[in-house]
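The next part holds the structures, each set out as structure tokens.
Okay, so chain A shows up in both of these, paired with chain B first and chain C after.
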Partner chain A sequence: MTLLRAPSPAVPERTAAKARPRRGRAGRRPRVLIAITALFFALLYLPIAVVGLFSFNSQKSLTVFDGFSLRWYRAFAHDDLLLSSLGTSLRISLVAMAGSVLLGVALALGLVRCRTRLGSLAGLIMLVPLITPEIVTGVASMLLFKGLGVPLSTGTVMLAEITFSISYVTVILRSRVAALNPEVEEAAMDLGATRWQAVRLVTLPALLPAVLASAVLIFALVFDDFVLAYFTTGVDPQPLSVRIYSAIRFGVQPTINAVGTLMLAGSIALIALALFIPRLFGRRGGLDLLSGK
Partner chain B sequence: MALPRPFTRGRRDTSGNRMWVWLMLPGTLWMTGFLIASLVLVAVLAVGTTDELGNPRFGFDLAGVRALADPAYTEVMARSLGYALLTCLICLLIAYPVAYTIALHGGRYKHALIAAIVVPFFANYLVRMYGWSVVLSDDGPVLRTLRAVGLADGGTKILNSGLGVVAGLVYGFVVFMIIPLYAALERLDVSLIEAGRDLYGGPVRTFFFVTLPATRQGAAAGLVLVFLPAMGDFVSAQLMGGPDQIMIGNLIQDKFFQGQNWPLGSALTMLLMLVLLIGMLGYLRRTRKDEAEARR
Partner chain C sequence: MDATPAVRLDGVSKQYGDSYAVHRLDLDIEAGHFFSLLGPSGCGKTTTLRMIGGFSDPTDGSVLLGGDDVTALPPNKRNVNTVFQSYALFDHLSIADNVGFGLKRKGVAKAEIRQRVGEMLDLIQLAGLAGRKPATLSGGQRQRVALARALVNRPAVLLLDEPLAALDLKLRRQMQVELKQIQREVGITFVFVTHDQDEALTMSDRIAVMNEGRIEQCGTPEDIYEHPASRFVASFMGTSNLMTGTYRAGAVALEKGPALPVGPRSEIADGTAVSVSVRPEKIWLSDFEPGMQMMSGVIRETVYSGPITTYLIDLAPGVTLSVLEQNTARARMEDRWSGGETVEFGWRPEHCLVLA
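After this line comes the complex of A and B, so read on.
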């Protein structure tokens, strides 16, 4: 690298010249824009802060803070209905995560490498959940189960959540698979590996950070999902978010603040983890949440 | 995506293709079986009926579809469309300055700032909306601040009004506008703005003739990404609005749970899909035209 750069000192100079006016522009602080952004951040975090703060309130009020207390957390810990819902949600998330990652990784590999008409059809089908609003998916899944005579239960929620999550896994992983150099796989095969061995021993390990990140993300998304679960769940046991929905519809219960705070903290931690996993592996890339669709 | 040519051809690849197809098959079949089949079912039930127990029965009965013309339902449709479009507009007005500030003035904190926006948006939607409804309530911090500075009086309300519903939708989905705009603004060549200034364009003229056109695609993507969920949402209208602010999502939910009129619910769902498809197609045509122009 040094050998290549040495003869052309003009290159770093030019980049420096290009960078200078940029810093100059940023130096002129656009106060109005910064104020708008600050206000945006304040309003973005205010609801989360309010739920968190009032979960520690010693009284029932949502507007007056009376004093610190763990009362509502204790109430949650003794609420068997909410606890069984928590267990149900965790089970659903785990199964949906395992199922959708398994199907999604295979689908992503196939979609990128397979150049047949079936491949483009599969690519189209995969996009459908992303452009369908959740309420439509919810209604459709419920009708399917009812039409087939399958009683709604935790199992039907799992099936619906897997269906919806496959697309996310595939979208996230597809760009990673495409970024892999296929020559490495070819090299493995030149050295005597079968194609399957090359995928298992070369491609999958390279994808591991992105696979883990998408698994964590799917777990959090499914755990938090409400609409699809609402349409496909049976009466008992219900997932936690469905319980929360009925609770906040029929008046405020401070226990919900405690549950909500725990859920917010949990999913924020998981999503932050999903964004950071690729860095733990010391590789660039991974979750491409920021580049948009 | 773009594999170098030699690797997509050759004898070894024809044998390999079969394995890729096998890998693709389970996921594709799963999606076809559950998703595509169920969407077809919704379309079929829109012209079907239900038996006394409420189980779907398939036939050909246009009662559900004909009921859509009922003024009570067209009003809800028009309202949903209005709320969703207003939400798109407000999201654009909020997201643009925020994305602009972070992308062009965020410096080395820009990734952290964008992550600080994205992470809470993926957290529980219900709990966030619930917190937002507390914030906007009559005794909440927003109205109290507005009253303190004299911008609102005792009678001003946000909740139980159209304003409340739109505020909920904006809070719920503004991130879908920020992400594509941020991506577009980050890609934007700053020297273009400088060129605009060098040619004696004022900041405002430069913005409208240089920055905005260059980020048009990001804005269009954001509009679609906000419009899709906003149009189908029913939580915001339920938590932030009153009975006079219901949207098509609430109507669908009602037909499937309380009202037990599944054919009508299915017809409403198909109508919603139709509106969204029209929006999507408009967006796709627009981007294709843009791409064609860029190629020229």
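After this line comes the complex of A and C, so read on.
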């Protein structure tokens, strides 16, 4: 008893009194908000979850889940039309990724280095594709190709996708380029590098995490794109998204569920990769989609 | 002695719009010297350095390195290397690859690169960190890597742009000594830009004091400190008691206060507005010698700071002189003056400078 009473009782009492309301406020999480958040995520992901679930259905029904099977995945694996479309989509995505990253990095470097009024105007114009409704860019691209007498094909999809992906790459990279220390490039030149060597040996390696992250993002965006592809593609071969749309018009096959689930899984993996790449290089920044910076 | 200067600036100007960052600069830097460009921020010292390095094109005049005109050459074609203020290390390369970058560009054989990088890392005492990335190093270590990366190329001239500015005071003092030692060891001409007059005084063979794009004075540290050529140099180099007045017949009548006898100065016309400068440590408070210029004043404040004591003495209302005295053994604390006392003080005539 004496031992317990020995320390001044006033001190612990005061700290407890101070700490209690803080803990209380943090602990009283409003239930309503939790419910709203749960509802939001349910509405957002329920349709996708249904697609995922029914892709494993053993029957053809889209309303009754009969039992687990990989039947529709097997059907997809034997559907030559869908497989060729998948190949087309992958090819379009790879070319669009390479083209837009190449041009986008160059544009980002140019916009940051060129501090004239014309440069800032170019910077503004570059943002326009990001806010233009995609159906407008799709129709406009189609009319342009028709007007020029260019037959629509996989090539025209690639051109259109490259054109409208440059902005994303540039937006992601511009702030990274602006954050670079100009003295580093000067140091490379001071040590005997030409201007181009300085960019290649010093600037690009410093930008590499952001470049890779934007490449992955562009790949995912182009692969998933429907609107632009729909207006600019030829009849055969068609990108996967366009093929799915055409297929649905003649009745929904559960194979589409399997394709959709695979596309979703692939996209999630790519986005995760894009977020993970900067960490791979042990630096912060790059593509910070989570915090919106 | 080699007559060709390592660096020669011949009427070099850098103009931005209507204003000059550097104005018609003529400057010779002797080979093997530790040369400092000293001045306040915005005086044009960094612009001058960048023009020597090739990062900035002069709007007028020419830059010569070892007698050759390099004005039109890009940085990678000049036999100079730079230590940047931000160090500008290549973050994605190891320390060894950072140091070897210049040699690799020049196409030096791999074995020789490895050997020269090793020697250089020994010189800067970072041999154990060759494989590390710059991000894992401390500020002082990064600074030394930047130095090694430039020196390993054995340039004719090494340019240093305030390389110590980012270091804390203690490390800075240590690096000053180290830099000077390394310079003596390698024998390369150093052109060192700084705004810190202590740094310039302790390290340099010669100093050019710059102000508003021009060189105010160029000379040895002693020259510049003891015989400042202008009011700007006197006030920029250390503390100085600067008093303004009018010269007339061997004396300067202060604006506020008595006339100070300064001896006849044939180069100054009567009636010219001048400044008079006496360094605080050149004013004596005791042990006077014959021939000294004696004055008296009232002690306003005594500031004790360990090895020295600073007295602020009112010569006249509005004219305060700062006087330094060493706290040596003979000057015991109880002998010191305190505020309000009237004291005698004096200086040797040659320590009283008249500046136009």
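As a convention for this text, the second predicted complex is superposed on the first by the 256 of 293 C-alpha atoms of A that agree within 3 Å, B and C clash if a C-alpha of one lies under 4 Å from a C-alpha of the other, contacts with A are read in each partner's own complex, and residues count from 1 in each chain.
Everything that follows uses one rule, which is that a residue touches a chain if its C-beta (ideal position, glycine included) is under 8 Å from a C-beta of that chain, and two chains touch if they have at least 3 such contacts.
Remember, it's a predicted structure, so these values are computed and weren't measured experimentally.
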Query raised in the report: A:Phe226 contacts which: chain B (first), chain C (second), both, neither?
Result: first
Requested in this report: In the overlay, answer first, second, both or neither for which of chain B and chain C A:Phe65 touches.
Outcome: neither
**Report entry** Touched partner set for A:Ser241, first chain B, second chain C, both or neither
**Finding:** first
Query raised in the report: Touch check for A:Pro205: first (chain B), second (chain C), both, or neither?
Result: second
Query raised in the report: Where does A:Val184 make contact in the superposed view: on chain B (first), on chain C (second), on both, or on neither?
Result: second
**Report entry** Between chain B and chain C, more extensive residue contact with chain A
**Finding:** B
Report task. Scan A:Ala160 for contacts with chain B and chain C and give back first, second, both or neither. Result -> first
Report task. In the overlay, answer first, second, both or neither for which of chain B and chain C A:Pro133 touches. Result -> first
Report task. Mind sorting out which residues of chain A both chain B and chain C touch, each in its own complex? Result -> 183, 186, 189, 195
Query - Touch list for chain A against partner chain B, complex - result: 18, 21-22, 25-26, 29-30, 33-34, 36-37, 40-41, 43-48, 50-51, 54, 62-63, 103-104, 106-107, 109-116, 118-119, 121-122, 125-126, 128-129, 131-137, 139-144, 146-147, 159-160, 162-163, 166-167, 170, 178, 182-183, 186, 189, 195-196, 199, 217, 220-221, 224, 226, 231, 241, 244-245, 248-249, 256, 260, 263-264, 267-268, 271-272, 275, 289-293
Query raised in the report: Hey, which residues of chain B end up touching chain A in the complex?
Result: 1-4, 7-8, 12, 15-17, 19-28, 30-32, 34-39, 41-42, 45, 55-56, 94, 97-98, 100-102, 104-105, 107, 111, 114-120, 122-132, 134-135, 137, 139-142, 171, 179-180, 182-183, 190-191, 193-194, 218, 221, 225, 228-229, 231-235, 238-239, 249, 252-253, 256, 262, 265-266, 269, 272-273, 276, 280
Query - Contact set on chain C toward chain A in their complex - result: 53, 55, 74-76, 80-82, 84-86, 88-92, 101-102, 105-106, 135, 149-150, 153
**Report entry** In the complex, chain A residues that touch chain C
**Finding:** 181, 183-184, 186-195, 197, 201-202, 205-206, 208, 282
